[in-house]
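Provided herewith is a single structure, encoded as structure tokens, for subsequent inquiry.
When the chains are written out, they are named A, B and C in that same order, and each has its own residue count from 1.
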Amino acid sequence: MTSLHEPGAAAGPRTGRPRRRRVGTGGRRGVPLPLLLPGLLALAFLLLPLVALLVRAPWGSLPDQLSSTEVWQALQLSLVSATAATAVSLVLGVPLAWLLARTEFPGRGFVRALVTLPLVLPPVVGGVALLLALGRNGVIGKWLDAWFGITLPFTTTGVVIAEAFVAMPFLVISVEGTLRAADPRFEEAATTLGASRFTAFHRVTLPLIAPGIAAGAVLAWARALGEFGATITFAGNFPGRTQTMPLAVYLALQNDPDAAISLSLVLLAVSIAVLAGLRDRWMTTS
Amino acid sequence: MTRSVRRTRRMLQLAGAGAAALMALSACSSSSDSAKSKDTSASSGSSDSPKLSGDVTVFAAASLKESFTALGKEFEKQHPGTHVNFNFGGSDTLAASITGGAPADVFAAASPKTMKIVTDKKDAAGTPATFVRNQLEIATLPGNPQKVASLKDLTKSGLKVVLCDKTVPCGAAAQKALDAGHLKLTPVSYEQDVKGALNKVELKEADAAVVYKTDVHAAGGKVEGVEFPESAKAINDYPIVLLKNAPNAQTAKAFIALVQSAEGQKVLSQAGFLKP
Amino acid sequence: MTDNRPAAADGASAPQGPPAPDNDSCTGGAGGNPKPAEGRHPTTHPHPITGLDARLVVDRAAFHLDITLTAAPGDVLALLGPNGAGKTTALRALAGLTPLTDGHLNLDGASLDRTPPESRPVGVVFQDYLLFPHLTALDNVAFGPRCQGVSKSEAREQAGAWLDRMGLAAHAGAKPRRLSGGQAQRVALARALATHPRLLLLDEPLAALDARTRLEVRGQLRRHLAEFEAVAVLVTHDPLDAMVLADRLVVIEHGRVVQEGTPADIARHPRTDYIAQLVGLNLYRGRAERHTVRLDAGPEITTTEDLSGPVFVAFPPSAVTLFRDRPTGASARNLWRCEVAGLETHGDQIRADLDGELSLAADVTTVAAAELELHPGAAVWATVKAMQTHAYPA
């Protein structure tokens, strides 16, 4: 028993390589059928619609469909705003996750439930709620407008806000779970070495839960990239400013389904490239 | 336009109504299709066939929701034993469902373009007939604080205007009206549908939107309508048709007849629609 | 009285490793004081200017801790007690990780009551070391100096020196998971010492090690603690660790100090059943009148000591002799009729737990056990010579 100090027993961080190898050999040693069949069915269920998209894609007219500047504008805007929304989620969401996991305060369970609310809220309702809060006439937006002349709806900032609103819960939940699994005594150990609670957090806890944060960030990014309802409701739809790919896809669907499929393919290809680039190990902890 | 907005608006309303009436007359007389179908449906009309029964399924544009629901109740009252099912939605979505094989008897679309999707696929029985028309109107905040009196006023800088996206009927119509007035308007947003555009005004995020008269009507006091002459150039026809694979064609025909009857037209015009 | 050498409850045999550093532990009889002032530094009481002076009171649901600890610089204090006694809570309170409900905590004359843990001159070696897994051994040790504002290169230099002292220079670049248990323990110690604490706390420092490593690390730890110039407090449930490593033992049961003193004193004069069991003695409480002690448990026992009033009487299991029949003509005054309640092997002996007139543990050889036909339920006569008992005031 020389490995008691290894955090793998309780905490999130793990070494990717040996773990994966172990799983691999375990998989070949006979997988129970009640797990294998539904598992494969689930995979098929998730992949079939995407395959159908590929089969029915208008490959011939694809170059024409994708040559318009609006498509690339929308794609660029999507990537920029999803990344910005993820950054906002990280900067605000990780501290929130820490508060939920590491501090005691009355009504914490209730607060945690509130945090997950955007997950169950229909995004369009989320967009309306954002308008009521941050719109020109909103509870807070009114003052933003009056004092600073800032209006958020119909701006790219508005897109980022709408995406962060729906994406942040994914990050918070993922990071909070990792934090709960991580041994809080590492923070205590850092404290006894003279580290303030914040130093302990960013020099010890943060590196320890990095994989969980990365997984949460990937989830949040993916959610932000595909966000439609809250975006179009809060930020509207204007090419180059607030028209992200999902909005372009939706509107193309109105009169030119082929164009919609082409746009979706672009979005899919980019997401797959990014997610695969981040490696599956980032996605293992959540 | 330096006089009081209220007064101007009233004048515009009068002018608009007059124009609409003229258009309606001309449309009636010129369109032999609609006249013919009106005749055929009248012959198989509701007055003389008591043997109607069963369910009839109507796919109708979302803007028809209030008036068609009322007409459905009326129909069921006139013909005990029948039941009218409605599926309200975006015309494109409905057209896609119909061509995809959805079991429907009647299709009432918000634009000839969407109707064409169905007729092109030979899913319609007979020729579609225009049963109402819808005209654009500017929706402003209650009380019209920005004093919008014309389409041109919307191009003023600092005014937040939302339009429907060009891919949806209300956006296409708005563009047509702007073109007719030789106006160039950059909105803050191209909304995905007319309700989205209207919502932005209802929530006071936008100062004005170009929407249908019926939508302004349905919004009640939450927005104020401002008519504009260019809207005459962008009137939207609403076609209705019996579908080829209608499970209950007999009853469906009777419903179409009710829609086109004087009684049906009265209900529709109360919702803000123009007569064809 | 070599039989009375401390014997671990779970120890295998009587002779135990290196003897405790009981320098001047011959201050016999002091166990009777309510606040035994033992140890090498008579100046520690009542309020040392330097060193540790603490009364720790922690109230939690269904648990109450109230202990007083004092120690002079250079002292190694061991908190010994069963699981759940409150040792770790006391340690956490000293480190500032658990707030005090009441009491005080003075270190080198300064009050630490309100000082947050990061500002206390306190170093902690945690039970499972809690080395930061993402940092190398060197950076683990350099962490403390870095937090104290030392530059990165300077902190690493200091850390390198510490690892050198621990004989770990070759492992400076290793991540904690590549270190053996003993190495990790030393890195943890170096990390705690690198902040130059005035109070070093060790929580079960050897518990995470296997038996062989333990022996080696115990010796090293003893050396490092001897070199340490400030107060060290270690928590353990292992009497052997406590006796080898500490100058002074504080035994805690149910959140209270039940006995404190030098290891040798505690081994000779246990005052609770828990300690008696730890050091392997039969212990009884009674009232003495000259050489006779009437035990609270019933029978009388004759001792060599001449005492009066409440006393403890202790004797080792090896001092007990068993007979199948009542020994005739024996002068044995300490003779009791008993019944075997249980048997277990204990090293190369058999330990018999006896019930009857007196509950006691007796060690017999395997041969003797066979001759006596010992089995649970068997009736035996037990006797112990007055010479081999030890009475001391309660």
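Points to keep in mind about this one:
As a working rule, a residue touches a chain if its C-beta (ideal position, glycine included) is under 8 Å from a C-beta of that chain, and two chains touch if they have at least 3 such contacts.
None of the values given here were measured: they were computed from a predicted structure.
Chain centres defined as mean CA positions place A nearest to the mean of all protein CA atoms. Set against one another, A-B and A-C show the most C-beta pairs in contact at A-C.
Among the other chains, B has the CA centre that is most remote from the centre of subunit C.
With centres defined as mean CA coordinates, subunit C is found 90 Å away from subunit B.
Each chain gets one centre point, the mean of its Cα atoms, and the points for subunit A and subunit B are 40 Å apart. Our note on geometry: subunit A versus subunit C, Cα centroid distance of 53 Å, whole angstroms. By the touch rule above, subunit B contacts subunit A in their complex via residues 90, 92, 113, 160, 162, 165, 167-168, 187-192, 196, 199-200, 203-206. Contacts from subunit A toward subunit C in the complex involve residues 1-7, 11, 13, 183, 185-186, 188-197, 199, 203-204, 207-208.
If you check the complex, the residues on subunit A that touch subunit B are 128, 131-132, 135-137, 153-154, 232-233, 235-239, 242-243, 247, 250-256.
Interface residues of subunit C facing subunit A in the complex, by the touch rule stated above, are 95-97, 116-120, 122-124, 126, 128-134, 143-144, 147-148, 176-177, 179-181, 184, 191-192, 195, 208-210, 213.
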